[in-house]
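I've put the structures underneath this note.
There are two complexes below, and they share chain A, which is joined by chain B in the first and by chain C in the second.
The block that comes next holds the complex of A and B.
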């Protein structure tokens, strides 16, 4: 038996690099987080699987016609998948609490401050402008927007940015409470906000997605794809005219695209690209962006609370991020821990729904600022 | 928050009343905060009082842990998921009464005071609106 023949049989073992071994371990960690810890399993499991498949030696899945390459080209390179996901999110989101309390828009806007603060910090650390903008968007804790923005501005950082965005989304219940407790007093957290009865007419609910699309589309053209998809899903939901399409968008379409999206993002995590200092910095900056976003929302909540004569519980400001509806639930849980008769869930949901829209707009603003074309 | 002048037996006090639920109020009197439960005694089946503008008087002023009889109303609209309270059993302030699912979040509704569960007015799976009665309590027996 010739040595050549043996080498051909053993080429898998021979091509095993230390990077691929480390990445297989990283993939194992993602799978562990998804399966055992229940951290955003719908995304982290496919991402982990994609990373595992991409890092096996000579992975044919990454070849010219390999499945992962085909999926990546079909939906990530051209930004299709995050937009399809947004149609599903729109079909699932109830903007009612926001329409009942339109001033919550302010909290959603304030919650985007961390994006821009982190952008500046990333610039100072030596990332390019486009990379810094993509890292900042992690702070919105909005997976699809992060994928969309970084896919256009810095596709080489897509893997770490997506993993950061979705991991921190799963960590909302861990990261937000200490920031909230640090920045608010117990007296503030105990401010009661009784449920405010206002029924929103179906007409308003139907007009909202159309009006939001037109207004945002004119003001921030770069946000049109994101807000247009989000509001398309919401229009289908609220109109009640196309229940089959609403159901399909929120379930079958969202599920299938989630699987493809996760696999394709995972496949970008190839050892030689992923195992760099920049990945670690992105993960650190991402969590910082999240903390600053939460803090900015809280501080703005405190301002609104002061202006309202203490009728607004400032912690609902922390819900002004995109992670819908986890952020609002965490806020309600903290309020209930302090005072079990305080139910601010609907107010927090209003801020949270506003954060959902605001992060999409912030993504568009970033793209416009960076002069993406 | 509304302010009222309350005159009882010639003595005048000023109170500030904030509506927490249809039958529960936060009342500020001389800088002290009280939680007030308002129950209509003449109604055969006490229901939460609809709120005309000047319905603030005369509440029985009690500090939070003492309140007893009354109706617990839904603090937010949702669907009753499970019921923990058992009619006839005593319940302590802070113990779970039922779980109300709102916006897909499970909210534990807890007893506002030490009392005895008199009647559960809702069933699991039932959708309730804001302020709808959930459970009726009776004053704790001896």
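The block that comes next holds the complex of A and C.
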């Protein structure tokens, strides 16, 4: 048996680098979080699997015709997957709480401040402008928007940004409560909000996605793909005319694309590219972005509370982010901890739905300001 | 320094634009609400007729546990609606043996019927294999 033959057989072991081993451990951590801790398993499991497959030595999956490369080119490079996911999200989202209380859209706007504050911090840390904007978009707390924007502005940072966006989204119940408690008094958290129940007609529900697409599309064309996809899904849902398509978008389409998206993002986490100081900084800035979003929403909630003569519970401002409906549930839980009979869930859901629309708008605005395209 | 100035500009314009766009959306939603033919408003304090106990019993939903008998009829009705909506939503999605039958269907009489059928089917399959 020649040495050449033996070397060919052992090339997997011979090409194993320390970076590959570290990334295999990282992939193991992601799989652990998904399977054992149930943290965003739909995304973290495929991402972990993608990272594992991409870091095995000489992985043919990353070759020119490798499966992961083909998936990446088919859906990430051209921004297709995040948009398809948005159609599914739109088909799953009920904007009713927002339509019943339209002023909540302002809380959604305030909840986007984390994007811009993080952008400033990233610039101060020496990231380029496009990289800083991509890191800032983690503050949208919206996975598909983060992938869409960073894929255009800084595709080299796609891996860490996506991992930060999705894994921190699972940590919303951990990140939000201390910020809320720090910035509000017990008296503020106990404020009860009256319910004004208004029946939202089907006509309004149908008009909303169409009008939102037209307004945002005309004023911020960069946001058209994001808002258009989100609202297409919602229009299908609310019109009731295409139940099969709505069901397919919310289930089959969303599930298949989620799998491909996760694998493709995981495949970008190759050790030699991923294991850098910048990745650590991105992860730190990401968690800061979440905290700043919560704080900004809260402070704006306080402002609205003061302007309304104390009739608005300021903590619903913290729900003005895109993590739907987890943020609203956390806010309700905190309110109930102070006063068991205080039900602000519906108001918080309104702010949360606004946060979803606002994050998409903010993503488009950011792309426009960065001159992308 | 240039980069930071750029960042501040982006922050200023960005937040301004996001607020402006969403304010526009708010105005539009308010307009649509006004144009609604007959907006029905029910204030939180307005009296709502409590459901009759017979109506609640007819749903087949029973609320049990300590203090359950002290719950207000409105709250019991809300719980019944939530349970029925949840059952209607999930019934087609779960496996046959754990599927919760509609409250007024024949199968509602005994959930173990479906579980028993599942066991029978499993036994028949294993006999055929054997």
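Everything that follows uses one rule, which is that the second predicted complex is superposed on the first by the 373 of 373 C-alpha atoms of A that agree within 3 Å, B and C clash if a C-alpha of one lies under 4 Å from a C-alpha of the other, contacts with A are read in each partner's own complex, and residues count from 1 in each chain.
Here is the rule we use: a residue touches a chain if its C-beta (ideal position, glycine included) is under 8 Å from a C-beta of that chain, and two chains touch if they have at least 3 such contacts.
Every value quoted in this text rests on a predicted model; they were computed, and no experiment measured them.
Novice: After the chain A overlay, clash or fit between chain B and chain C?
Specialist: Aligned through their shared chain, the two binders clash on chain A.
Novice: Now for A:362: first (chain B), second (chain C), both, or neither, which partner does it touch?
Specialist: second
Novice: I'd like to know which partner A:336 touches here: chain B for first, chain C for second, both or neither.
Specialist: In the superposition, A:336 contacts chain B only.
Novice: Check the contacts made with chain A and report whether chain B or chain C touches more of its residues.
Specialist: Of the two chains, more chain A residues are contacted by C.
Novice: Given the touch rule stated above, what does A:124 touch, chain B (first), chain C (second), both, or neither?
Specialist: Only chain C; A:124 stays clear of chain B.
Novice: With the two complexes superposed on chain A, say which partner A:207 touches: chain B (first), chain C (second), both, or neither.
Specialist: A:207: touches chain C, not chain B.
Novice: Kindly classify A:195 by the partners it touches after superposition: chain B alone (first), chain C alone (second), both, or neither?
Specialist: In the superposed model, A:195 contacts both chain B and chain C.
Novice: Which of the two partners, first being chain B and second being chain C, lies in contact with A:113: first, second, both, or neither?
Specialist: It touches chain C, and chain B stays clear.
Novice: For A:94, is the partner it touches chain B (first), chain C (second), both, or none of the two (neither)?
Specialist: In the superposition, A:94 contacts chain B only.
Novice: Report for A:349: first if it touches chain B alone, second if chain C alone, otherwise both or neither.
Specialist: first
Novice: Of the two partner chains, chain B (first) and chain C (second), which one does A:79 touch, if any: first, second, both, or neither?
Specialist: So A:79 meets neither chain B nor chain C here.
Novice: Superposing the two structures on chain A, identify the stretch of chain C from 6-14, 24-32 or 78-86 that clashes with chain B.
Specialist: The one stretch of chain C in steric conflict with chain B is 78-86.
Novice: Which residues of chain A are in contact with chain B in one complex and with chain C in the other?
Specialist: In chain A, residues 194-195, 197 are touched by chain B and also by chain C.
Novice: Residue numbers of chain B touching chain A in their complex, please.
Specialist: 1, 18-21, 26, 75-77, 94, 102-105, 107-108, 110, 112, 130-131
Novice: Under the definition above, what is the set of chain C residues touching chain A in their complex?
Specialist: Result: residues 3-4, 6-8, 10-11, 13-15, 17-19, 21-26, 28-30, 32-33, 36-37, 39-45 of chain C touch chain A.
Novice: What residues of chain A sit close enough to touch chain C in their complex?
Specialist: So the residues of chain A touching chain C come out as 98-99, 102-103, 105-106, 108-109, 112-113, 115-117, 119-120, 123-124, 129, 132-133, 194-199, 201, 203-204, 207-208, 211-212, 215-216, 219-220, 354, 357-358, 361-362, 365-366, 369-370.
Novice: For a test of understanding, state which residues of chain A touch chain B in their complex under the given definition.
Specialist: 94, 97, 192, 194-195, 197, 311, 325, 328-329, 332, 336, 340-341, 343, 345-346, 349
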